[in-house]
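The structures considered in this document are given below.
Here chain A shows up in two complexes: once beside chain B, once beside chain C.
So, the complex of A and B:
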């Protein structure tokens, strides 16, 4: 049985071209970045090339700073700790504003900061599943230390109104951070257009191996490193030897993803749209976030009368990997379920199924998914009496 | 944290074969109608338990034979995970051909044991054990409906798990739970939004918190425990004959009887006599113990040893 992977918002298949880059690094002797000898020189060349590609992929200014971390989680933690130590503990600022559905790395840090006495405001999502950016004006003051809202929600694919939030932040001169892990390679990111102070993203959703991330700082923004031990500017914001294989593969991956934005992402979007159209024709199946507000590879459905894990189990039996965040105790089950957050029927809370496509998915795979999904819905609804659906 | 805690839990891939089989090919799912009940010459009882909003819902259909009150047909419909489906299927199988009183006796150990592949390996991962308790509560609700007992209204403590105060207290007592992690594993209470765990100044106040319930119930259990072992607080030799008998009974109940019952045996005290400095206890073995070769050697020495250690060194045990 051929397996079909549709869980690309959490981990992705490594692109063969990225594998080639990694093979070169694994099969040769690359020295430490600061070494004077030939092996160090080879490493520096690889590092500089990757850095160049990352700058280009988000259209960052040369005066902005980009540093590599172990992932978006570390980048997010660095930004929040640094804000806390630099601005809140010193009494210069007093509060933080975050979106309601931020990744765990932000939510758990925010919980910690709250326990330390920091005032934390959360902005809810509206009926479309995107952050209600007007609500930011309820909380924002010049004493706000940081606003953090992710660019795209990893579960629903909802594209948050980053431009409007960035505008509000510039108006009050407040630092703005966005986690772009689920946006990079899916939607264009142009740092020339939006006024973002900090940006972070990870390698695992880019068809590169997990374990490498990017932390972007706008010119003029400051940051205290979480891990110290730098020997050069490259390590100034994150000490310790750099993960050269990770960096090289991330560099290749962002390059491929940027190239793919034009054509391949459009193909992925067409496949996703076809999947969406066919699946939402089934009675009682609805797509949670409107088409225009969603990243091109993601489809999150609510299926009446079908429990998420039961559906995942049936799909898995057919070799299809999908996802759901409402399966206790696996995954991010402890956050408020999206249907409830959007104000839909609470009965849908345990009935969400997500599909995140990638450029490696094919037409045949989508047809197979439609067939399996339709059969599974029919089978699982037999377990429910009509009066409960 | 230990190595075991650091290891990733296995999920579907390590479910026992029975759970896989019952969730993939359930045998007892479906509904029963009044017509089915008529054909079987019995009366139909349907009982709903749980809620779709909390992720687990089940409806049992029982056809009860009027003469013997036995469940002659049992089916179920449900909303929930594959593991719940397997558990409900096994429960439906176990309920068949039993009367409500016998069904009420099905407990966690029985149901869990029937779901195991191997006697030594648990049927479900720790975090999924609440499913078995959920099905047992559903069975209890159905039995109550059959018996015409109206469910006592108990306030819901955790909305995410849809579990009431009484059910939480009962679970704490039955499983002798002393921490919230285990409580969450066995009831799912406090596992999802975590708002019901303890008071948080940043959140709206609630009437009940799991933290407080656990502490209160543990105190209650402690009080009940001390009441049960009401051995007078004085040396054995100074006790009156009635007090001596009570002390011996309590010690046997607490330390000895469970050991004998596990092997299918039991014992009873026939008489207690004072014999100079010694206290002679005449006992009779019951069940598998009577006739057992060890009854006059190892078992006897063990019983005598425990009584000597706990009560008085001059106790002698004489089996008749």
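So, the complex of A and C:
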């Protein structure tokens, strides 16, 4: 049975062209970045090439700072610790505003900061699953230390109104952070268009190996480093030896993602749309975020009368990898489930199923998924307790 | 010209057997660790195998916690932030003790903590370049939050008296951390033998790609996570998606390092000893740490009348990669230079040259290095200002 992988917002297959880049690093010595010998020089060349590709991929200004991290989680932690230690603990600012469905690396950090006495305000999503940007004005003041709202929700694909949020932050001169992990390669990102102080993203959604990420810092903004050590990156925002394999991979991956952006926004989207159209024809199956407000690769469904976990098992039996954030095996899930956050029946909270496509998916795969999903809904509803039918 | 790489304490060539492990991850989907589908199950298998290899490599107890990080720098930052936030900022403890030649990830963090008002005591090295463990007793009290001294100094190869330091910490019930980056694969490490609260090490010295590391936490000790996020590691000490390539590589690398430990301690050491014997026959060239107190792969020389930077350039001209920590291109080098720390002439601070061998070096290479080094000393001394001769 050929497997079908539709969990691409959490981990992706490494692109063969990224593999080729990695392979160039295997048969030789690549030294520490600033080492005064041939092996250091080779690393500097690779590092600089990757860095240029990242600058190009988000249209960053030469004077902005781009630092490679171990992923968006580290970049996000850097921003939040810096905000806490440099602005809040010193009394210069007094609070943080975050979206209610930020990634766990944000939600768990703000939970921790709350436990340290930091005031954290949370902005809800509206009936479309998108952050209600007007609500920023309920909380924002010149004493706000940071607003953090991600560009795209990795579970639902909802595209947040970043421009309006950035405007509110500019007006009050408040730092604005956006996690772009689920936006890069899916929708255009242009740092010249929007006033963003900090941007972060990760390699694992980009057909590169997980374990590398980017922390962007706009010219004129500041940050304390989180991980210190030998300053392998010129800008000194992150110590520790350079993850050259990860950096070279990520450089190639953002280049490929930029090249594939039209494909992602048209061909991948066409496949996703077909999947959406066919699955939502099933009674009691609804797509949670309107088509026009959603990233082109993502489809999050609520399926009446079906438990997410059971559906994942049924699909897996047919070799299909989908996802549901309701079935995570740890109990500290802090984000609100989307259906009830949107004002839908709370019963649907445990009935979400997500499909995140990539440029490697095919028409044939989508047809197979439609068939399996349709059968699974019918099969699983037979086992429902009568009072839930 | 075939190049000769002797800078293995900062970056190493990836072992072909580690490459093979990496290649198994290229042509398939490997899911997020807890994903409920085939691709998650494949990742769990790889993760668990790597984890077992790390436990075995340091003889950790099943109830100890091992967390993969992006490297020793992140592990060290985790320990120091946790100590600060959980013990010092809360008033439960009041100070930190570190060796004066700890890695930069420690030195720069304690510098930052000092700027936050934390009391940090520094223990000097003795005339052999080894930490003076008795000096711990000058500062340690039950209110000490942490003692951090690395097992092996990565610049000089000096092996620190970890057992005695651990005893002092046990006596006062103080947490003890040791960075083992330059010890693992070089000398035996057995967590059953010594009472160590936290241990960290990194992939980049182990013939694995840089970008992965280990944070060990002894049963009964505690730590706050530094990077939070989806809990991909069961123990929840580190969030963010799993760096599966890095973890699988590091698992294989520690296994290979354990297998090669005898080789490293005998064959690599024989080559190092030959290099040491021949180079110290040159007038005004001395080895800085006594043979018996030093890691088997490392040789740090002070070369009278020769600037480190010039020597590195000369060696590089002959295709030889060596190192000197005195020539780093940033000005914030916080560690004392070894010669003056040991009580030698301060003039020697800018005349150190290090060679860090690996199991891939050969007899032929060593002979070539002896020849190049000898010529370079003679050549460079000709250019010395007369008053320094």
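Quick notes
Simple rule for what comes next: the second predicted complex is superposed on the first by the 373 of 389 C-alpha atoms of A that agree within 3 Å, B and C clash if a C-alpha of one lies under 4 Å from a C-alpha of the other, contacts with A are read in each partner's own complex, and residues count from 1 in each chain.
The definition used in the following text is that a residue touches a chain if its C-beta (ideal position, glycine included) is under 8 Å from a C-beta of that chain, and two chains touch if they have at least 3 such contacts.
Since the structure is predicted, the reported quantities are computational estimates derived from the model, not experimental observations.
In the superposition on chain A, contact is made by A:316 with both chain B and chain C.
Looking at the shared chain after the overlay, A:326 reaches chain B, while chain C stays out of its contact range.
After overlaying the two complexes on the shared chain, residue contacts for A:51 are found with neither chain B nor chain C. Of the two partner chains placed by superposition, only chain B is touched by A:114; chain C is not. In the superposition on chain A, contact of A:282 is made with neither chain B nor chain C.
Contact with neither chain B nor chain C is seen for A:370 once the two complexes are overlaid on the shared chain.
When the two complexes are overlaid, the chain among chain B and chain C that reaches more residues of chain A is C.
Contacts of A:336 after superposition: chain B is touched, whereas chain C is not reached. By the document's definition of touching, neither partner reaches A:221: not chain B, not chain C. Taken together, the two structures place residues 309, 313, 316, 327-330 of chain A in contact with chain B in one case and with chain C in the other. Only residues 11-12, 23-24, 29, 31, 52-55, 57, 59, 77-82, 85, 127-128, 188, 191-194, 202 of chain B touch chain A when the two sit together in their complex.
Residues 3, 5, 7, 10-14, 16, 19, 22, 25-26, 28-32, 34-40, 43, 69-74, 76-77, 81, 85, 103-105, 108-109, 112, 116, 202, 204, 209-212, 224, 226-231, 236, 239-246, 309, 312-313, 315-316, 319-324, 327-330, 332 of chain C are the ones touching chain A in the complex. In the complex of the two chains, the chain A residues touching chain B come out as 114, 305, 307, 309-310, 313, 316-317, 326-330, 333-334, 336, 346-347, 349-350, 382-385, 388.
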